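In the two complexes below, chain A is the common chain; its partner is chain B in one and chain C in the other.
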Partner chain A sequence: MARFLQAVADGISGGAVYALMAAGLTLIFGVLDIINIAQGILVVLAAYLSYALSVHLQLDPLLGLVITVPVMFVLGVIIQWAFIRRLRGRERTAMSLLVCYAVAVIIEGALYAEFGGTPVTIHMSYATSPTAQVHVLGFYLGYIYLIGFGLAVVAIAGIYLLLYRTKFGRSIRATTQDAVAARLIGINVDRVAAVTFGIGVAVTAAGGMVFGATNAFNPDSGYDLISRLLSIVILGGLGSIGGALVAAMFMVTVEEIVNIWQPTWAVVVYYAALVIVLFLRPNGLFGKKAVRAQ
Partner chain B sequence: MRVRNARFLVVGITAAVLSAALAACSSSSSGSKGTATKAPILIGASLSLTGGFSADGQAFMRGYQLWAHDVNAAGGLLGRQVKLDIKNDASQPNQAVTNYQSLINVDHVNLLFGPFSSLLTLPTVQVAHRYGFAFVEGAGGAPSVFATKLDNLFDVSLPVDASTLPLIDYINALPVNQRPKTAAFPTSNDPFTQPQIQFAQHMLSTDGVKSVYSKVFPAEPTQYKGIADQVAASKAQMVVLGSVDVPTVAAFTQAFVQAHYQPKIFIATAGPDQGAAYVKAVGGQGNADGVMVPNAWYGGSLNTLSRKMVAEYIAKYGGTPSGINADVAEAYSVGEVMAQAVTATKGLDNSKIIQYLHANTMSSVQGPVKFDAVGQNLAATAFVFQWQRADFLQVLPPGSGSATVVYPKPAWGK
Partner chain C sequence: MTTARVWQWSGSLLLLAAAAVFPLAFTNPAITNYGVYTLIFVAAASAWNIFSGYSGYISLGHAVFFGSGAYFTGIATRDWHYTGSQVFALLPLAGLVGAILAVPFGLLALQVRRHTFVVMTIAVFFIFQLMAYNLATTGGTSGLLAPTINYNAATYNNPFYYAAFAIAAGTITLSWLIRRSRFGLQLRAIRDDEDRARGLGVRATQVKLSSFVISAVPVAMIGGVWWYYTTLVDPSSGFDPLFDVAVALMAFLGGLGTVAGPALGALIIEPAELYFQQQVSSGYIFLILYGALFLVVILIMPRGILPTAGELITKWLTRRKNGTRPTGQRPPVGASSSEVDPTTDDSQGQSPRASTASGLA
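Up next, the complex of A and B:
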């Protein structure tokens, strides 16, 4: 029973970290109707930014978000403006996959050139040290996972507030529902797209920081991440922010529980569960037909 | 008419003299340059410069490059400079196969060096065999590699299966009341790790150490925390981790630290041998202290060749002996062994090189090298190394050159 509870705790806390990383991916899909394959390497880039700030400027990674979030936002806007904005027509979605993949390869190459392949981790003595944890129901939960959980809640709540409580959010939702109609009523769709892509990438700053503090990472880490993030947003429902949170926790919890029995089956069982859910709910747990039909 | 003929004669003689002079100059010029104008010996290798094995692959590349630099500084091989042709396989076996085919058929290399890991050696040695190339490698020591029984395979490093034997002997030599009573055996699904873990589990079980956790986890990167938490929950007094890289050991270490789990012995098949990269990834010296790894080489080795290589490495890349990745020595050994075969056979005929490698004993920074029929280095000695504060020390087998084992392992972070 203790092992089961530990697995559930690991699943929820670890899932929140993945939700933090997947939130931007699902937001970008929901608004722009493209799958940002580069999201995994952008998380890794954000992790390296936090790492570099903490090593070279001795800046606390949590405080460093004040720098990394805007930097990642600007990078997202630039990527959208330079590469995504130009894609038009029926082949736009397919071409965007190629473009995002190219962006990922460029970023990966740059990271290898700058940091090499040696794995590193981000250190936060108050969050990752042996004493930085709470003892609950017989198991330990590191502060870094609590921080990750908190950041996930804040990021997802922030995106919700942006979408449903601001004028710009209305512009985003209008663009999500019908970009042509939105343009006709005076919404600057290009600006909405660029800012949304920027927000989607900015969220990775927090996700990358927590990922880097809980895992040793190198420029190659993006590949494993993107496959997991994609499965999370598909399970949660493409475009659903809350769905990403639930799906991430579900995915990691299933894996952790199966790990008790046989680790080699953990990923298999998760993907089997994913197929079953999609068979029963083709749009994912919280996906809307309107989003898919766009 | 006579005048015209005379002019032709003068022009003809002048042209002939000039041609002869130019030819003489040209001949003299090439003669004076000697070996410098000979084409370099091209040596091809595929390495994992990106992907899951990138840290090892890049260390291997430094080892190959350091060897080539040293050879060229000493006048080259057979009087010819050595040139490396290294391709990136991104840690993918299929890409490694493609790379070796390209090295042989497109780049027309003279010699081949092996890739990193048993996983990539297994398919690539067969490509080399098809084309009759000697395949000298330093990181393909899994039993499945030797099971191919290819006569062109030569692994200069320690065969992996019995690598933990010195530790097992050490445990058996402990007073009964001090021996660990339980052990956990988590291992990656990899041809390099599984034979070592199975061997250790079998031997320790025979010696009365109870196995309380024995699971195989996927070789692809995954969530390690849950698996590590299960190991911690087993409360095993000893952990034998089948790892292929630093991130795996780092993830287990981090989870053990957070679970306040303090095994008496923590040995990992790979990762802790990667010097400063390992210490950095596990969060500092306090989390590395007491951790062990089996291997055949370390930076403080008293081997004369090794000391020379270590000095050259530090001069070129900086750092300390303890911080040098064992992959560097494995790669350097590949070059040394190939060089001895080429020098002895006085040529680049791979069939003669293969014959020589099977018949002779050679030396390397890792120690003596003597191959059996399937390419295992029978002369390699298994050592166990342990991090003790800032030093990475040879601790087993006990005796000359070995430091005392720190047992039980100090608490994390102390």
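Up next, the complex of A and C:
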């Protein structure tokens, strides 16, 4: 039972970081109606940025976010502006997937060129060492997980404030509801799309930093990450940020629990859960009813 | 027969003959090696197109069938002690395995549409890859090794070439038959507007599932050929996410939903890929080039070579015969539900929507 509760605690603290990365993905989907499969490799890219800053400039990864967040934001805006914006027509869904995949492959190649394939991990003496953990209510939680949880909460709260308390957030929500109508009432949909893509990618800076500090990663890690993130956003219902949060916690917790007995099959359970939920609820847990389309 | 028809037939037969004598003309094993891999992808891309191209449901899970075919052939060869050319007799069974797997896979995944469908196929793909890693019978991380064959070194590649050739030719023929059949028309109606197609009486679930199963068979068979040729399948090469994307890219480059497009895409991309892999020693430069090519194709020629070229030819012919044939019905580029392939005659000179509807009734 103690191990079970520990697994739940690990799942929730670990799930928060996935929730943050998935929130970016689902936000992009809501506004642009595309799935950014490059999100996984962008997380890895952000992790490498933090890693490089801490190794070469001795910059603390937390402090490094001041640099990595804007860098990732600008990168996101560039990707949207240069590639995604140009896609039109019937096969836009499929083509956007392929374009994002192409971007991912290019980034993967560049990361291999720069860093090689040897797995690395981000060191933070005060947070990632085995002794840096806190003992509360019978659980052991590493500081890095607490930091990750805190970062995720702050970032998600920030996104919520942006969406529901600012004028720009209102134009994002309007575009999510109906892009054509939003354009008609004078919203600059292209700018909204670019900024949203930028925000969705910028969250990978924080996510990547925590991911890199809690896992050994190499350029190949992007595949594993994106398949998890996709499962989470689909399970939560595409376009629903709240759904992504719940689904992230749920999926990571389930995986941690299965991991107690069956480490080899934990990941299978993860995807099986997705398939079963989608079979019962094709729109995910919190998805809106799909519009007539295909 | 119209002149265009004659050209099409003679061109296809000529290509077929050229492919059939290719290993006799070029006996260098390094060249026939290109031939084998290219035909493997011609078959895979054409088969993928039978489902994804015609129905518009983009599957990124066909590597499930490729890997399963490879693993089935490997396991059967090991357990039934097959050697030499006997192994080729297992290929139809591999196709059957692919079809059997495709039924539950399709029933599950086809509950959902668009992005969710794509993600569903990716999830099933990962389940299979993890099973290959963890099941006892698959050999785990080290995979399955093929028995050595005592073929003559100079003509070693030929049996593989002709096996792949037979599957590829069969797949393209099947694709052509489906494209001009009522079944193909129903598939394209689903692609254009699934709900309206249902309204017109298309049994959408049944049609989608059938084409999913049909497209799984050649992919599983070619997976078996691939295993025997490369002599090794392991979980990361058998169930390879790059396989799915490569197949999709080939179909997009040649022309999604056309008969010859995916084959043309494979003929262009696969030899180029093999060549680059040999020339560029480091894999990462290859990745960057591959991604860049991908972007260029999609952004410059979003509808692929064949539809674009076909449109140019039609435009040119129209200008030449100005006034003798009404062709003004073609909707503008990018408009929804346009039947863009002018090489098929079922939509020429009338509104595509009307032709789809009348064929279904």
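Following the convention adopted for this analysis, the second predicted complex is superposed on the first by the 285 of 294 C-alpha atoms of A that agree within 3 Å, B and C clash if a C-alpha of one lies under 4 Å from a C-alpha of the other, contacts with A are read in each partner's own complex, and residues count from 1 in each chain.
In the analysis below, a residue touches a chain if its C-beta (ideal position, glycine included) is under 8 Å from a C-beta of that chain, and two chains touch if they have at least 3 such contacts.
Remember, it's a predicted structure, so these values are computed and weren't measured experimentally.
J.: Can A:V252 be said to touch chain B (first), chain C (second), both, or neither?
T.: first
J.: With the two complexes superposed on chain A, say which partner A:L274 touches: chain B (first), chain C (second), both, or neither.
T.: second
J.: Classify the contacts of A:H123 with the two partner chains as first (chain B alone), second (chain C alone), both, or neither.
T.: Only chain B is touched by A:H123; chain C is not.
J.: For A:T214, select first, second, both or neither according to whether it touches chain B, chain C, the two together, or no partner.
T.: First partner only.
J.: Taking the superposition on A as described, I'd like to know which of chain B and chain C A:P263 touches: first, second, both or neither.
T.: In the superposed model, A:P263 contacts chain B only, not chain C.
J.: Tell me which partner A:W81 touches in the superposition: chain B (first), chain C (second), both or neither.
T.: neither
J.: Mind working out whether A:Q6 is in touch with chain B, chain C, both or neither, as first, second, both or neither?
T.: After superposing on A, A:Q6 lies in contact with chain B but is clear of chain C.
J.: Name the contact category of A:M95: first (chain B only), second (chain C only), both, or neither.
T.: After superposition on chain A, A:M95 lies in contact with chain C alone.
J.: Between chain B and chain C, whom does A:Y140 touch in the aligned arrangement: first, second, both, or neither?
T.: first
J.: Intersection of chain A residues contacting chain B with those contacting chain C?
T.: Comparing the two interfaces on chain A, one with chain B and one with chain C, the shared residues are 108, 112, 264, 267.
J.: Going by the contact rule at the top, pick out the chain A residues touching chain C in the complex.
T.: Residues in contact with chain C: 29, 35, 83, 86-91, 93-95, 97-99, 101-106, 108-110, 112-113, 223, 227, 230-231, 234, 238, 264-265, 267-268, 271-272, 274-275, 278-279, 282-284, 290, 292-294.
J.: Under the stated contact criterion, what part of chain B meets chain A in this complex?
T.: Those in contact with chain A are residues 49-52, 54-55, 57-58, 91, 186, 189, 215-218, 220-223, 225-227, 229-230, 233, 245-247, 250-251, 254, 257-260, 277, 280-284, 412-413.
J.: Which residues of chain C touch chain A once you look at their complex with the stated criterion?
T.: Per the stated touch rule, the residues are 56-58, 60, 108, 111-116, 118-120, 122-124, 126-127, 130-131, 133-134, 190-191, 193-195, 241, 245, 248-249, 252, 256, 282-288, 290-292, 294-295, 298-299, 302-303, 333-334, 336-338.
J.: Given the complex with chain B, which residues does chain A contribute to the contact?
T.: Chain A residues touching chain B: 2-3, 6-7, 10-11, 14, 108, 112, 116-121, 123, 128-130, 133, 139-140, 142, 214-221, 224, 252, 255-256, 259-260, 262-264, 266-267.
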